[in-house]
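Here is the structure we will look at.
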């Protein structure tokens, strides 16, 4: 793509030769003369000064750090512009889907419905009464259980499982090895309960590698539209994750918890069963929520408390050691 | 099932029309006229007042919260009665097993022994000298390693792995993607040790999705009868988990630790290598055990200490902020 | 193996009958007359006094705890000698690889290159342009993505995935279900970024069951030579794990973090995005690193601080309860 065209698509101001050809996005320190890089933080100024990238996405303040021969794509929000450049220059998905059609080594039950343009890879299993929508991609080793529904353009990466009766919304991405719809951890004296509910994943969701979302005991476990879950995340039975919530790696949400729209939860944090985390809450990594948090704001610690209060106390305690 | 028959099976007192037909268990807020629901906590009284369920399992104290047309199954332990109703009304397992017999797309080694009524799904691998007992179910993508033993009526869900020489007891359930018998994390200067021991899982155990139980360096890693492990749990080499212990999601038990009978460990908690957690201990979520805990009781924090002491100190510290 | 030969190979002093035949290594309490055991800690003296092992690896100080009929292999570093005995007496890998050659039920793309003596098991998928080196073992259900490279003698255990363009170094071991090269968790307002980089795993690395190493957004995520990762570990996009680092179970390393050579990180600990943990740091289990740690030493807590300072404060706080 010509640099001038790229600048126009990104709504960025171009300082430099618009005829250069950009083939890829690359890191500042390894980018070559066909590559675009990004500079977003002051601490990378020195590396930026040595870059051999053809062009760099940058804001006004940091633009002067770049070497003279390097073109600038100046944008007030350089990180967002850089993300869009990544999407424009690398339109193919990073994990290659199987070709359209059903691989002859897949097992598709006669009562399953697979859209003609869907992709089903080798050693995939699509069980009775399951439905796979148009444009969907079912990678190798994926298991679509009986009665499960995979929406249009959804992607189930290598050996993801979407088990009995669960539903995945349009355009959602289920990462390698993720398990949607295993049996929840509701137990009583007689053992594990049957868990006859299901999981409903909304549209535009991404769920990372090896994450688990358990089916409801009765009713539904819900992942709202546009939510993003990282790898190795655990969502218990009957939990509700709000739209556009962000759950970082190894987060655990216990059964029946309700996470509000747009909540952000840092890595390895946990939320206890049946509590509510309201919209606008941001939870630090490794924090633990044991009671409902309804006021928006930043929280941390175990049990989680407003961030500011906790950090003030930690500072005071640590000063105390030297007194 | 007729409501009167259900009441008799649950040993509950019926207030209402015994001729109603109950087909399923459902949540209070979505249950229809063919469904049974449960009411166990005061905070759901309001929802209960609007339920359209045919009948609700409830204790005496909360029965008055239900609308007039709704039948009651009154029981002193409504949660237990409701669990039993779930088992009676939904006898089929939530994850559909493959049909009896060996799927033609499975690979079963000629020296493996598979009981005639066992179920082996497509793309399952049963290696040399392995044994699969009567009534056992081996789902798609399951790997039963060389010499491994799957007991009668045990279930290995989608792509579970039971590796070389490991044993699963009667009626146990190994969840989707769980790995039983990987190589432990005993390392020395020359690298990872060979780990020539095995894993022995008792009877009536359930192990959640994606959990890992490593084989012993020498000897056995043991999961006792009736223990329940949630998803993404890690059990290190040579650990012993006592009978009926309960390990919630993302718990980690390091190598050589011994967890007593009936111990309950909350989500994301960890137990260090070679320590002992005695019977009757209950560990809060996210706590960390670094030294043996022998006295029964509730513990929390990192390092874990008696719950009461920790909460008292936390309260005092947080008061301190406002002084 | 004759005990005298074993002693010579281990460079240990033999006290006892050198003509005994040793067939295996076993635990002190179950070892029989064909087995070697090890005694490394005083607390196992009593068990050692009752052992029926043919011989025990031990140092001078503990040798007297053994019963008279039991031969001793006396070594100043008995644990290391015992590890070497394990390697000598159990040369076969604990997880049996498929036989050499390509199983007829594997799918190997015509453009993939698989060395003639490599092993590819049933239901493995080796995609276009992938390369599998001499002596490598690809177990059942493994997915080697397009353009991925598996080095000589590397092992990909049952259903490990090495996805598009990622590389595994010589002799490395990727455990059951591990996912190398999933899409990272870089997100912006438009959703998850494409992540067009890759993962490069060095030589002599071991990565435990179900662990995840995400591909870089651009550039590389790196696991250095000789690093060891336990089970259920998460390594985010663009992280660098130094040579010989040790990451215990359920550790989480966020995107862009840099972990120095030989760093040891205890179970369930976490490192935030873009911070640096310098060589010589040892992080306690469950600790959380939010700022760079450059000085070598032992750290713990959240946020992580020098171990000694933290333990002193905890002791003071807990004393405070009884004042």
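A, B and C label the chains in the order they appear, each numbered from 1.
Going forward, a contact is a pair of C-beta atoms (placed from the backbone, for glycine too) under 8 Å apart; a residue touches a chain by one contact, two chains touch by 3 or more.
Quick caveat, the model's predicted, so the values are computed rather than measured.
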Same vs different contact residues, subunit A with subunit C, by half of numbers used: different
Rotation angle (°) superposing Cα atoms of subunit A on subunit B, nearest 5: 120
Averaged-CA centre spacing for the pair subunit C and subunit A, given as whole angstrom: 28
Residue numbers of subunit C (touch at least two other chains): 123, 141, 159, 177, 210, 232, 250, 268, 286, 317
Residue ranges of subunit C touching subunit A (in the complex, touch as defined): 107, 123, 125, 127, 141, 143, 145-146, 159, 161, 163-164, 177, 179, 181-183, 185, 187-196, 210, 212, 214-215, 217-219, 232, 234, 236, 250, 252, 254, 268, 270, 272, 286, 288, 290, 302-303, 305, 309, 312-313, 317
Touching residues on subunit B, where the partner in the complex is subunit A: 24-27, 30, 79-80, 83-84, 86-87, 90, 93-96, 105, 121-123, 140-141, 157-159, 173, 175-177, 204, 206, 208-210, 226, 228, 230-232, 246, 248-250, 267-268, 285-286, 314, 317-318, 320-321
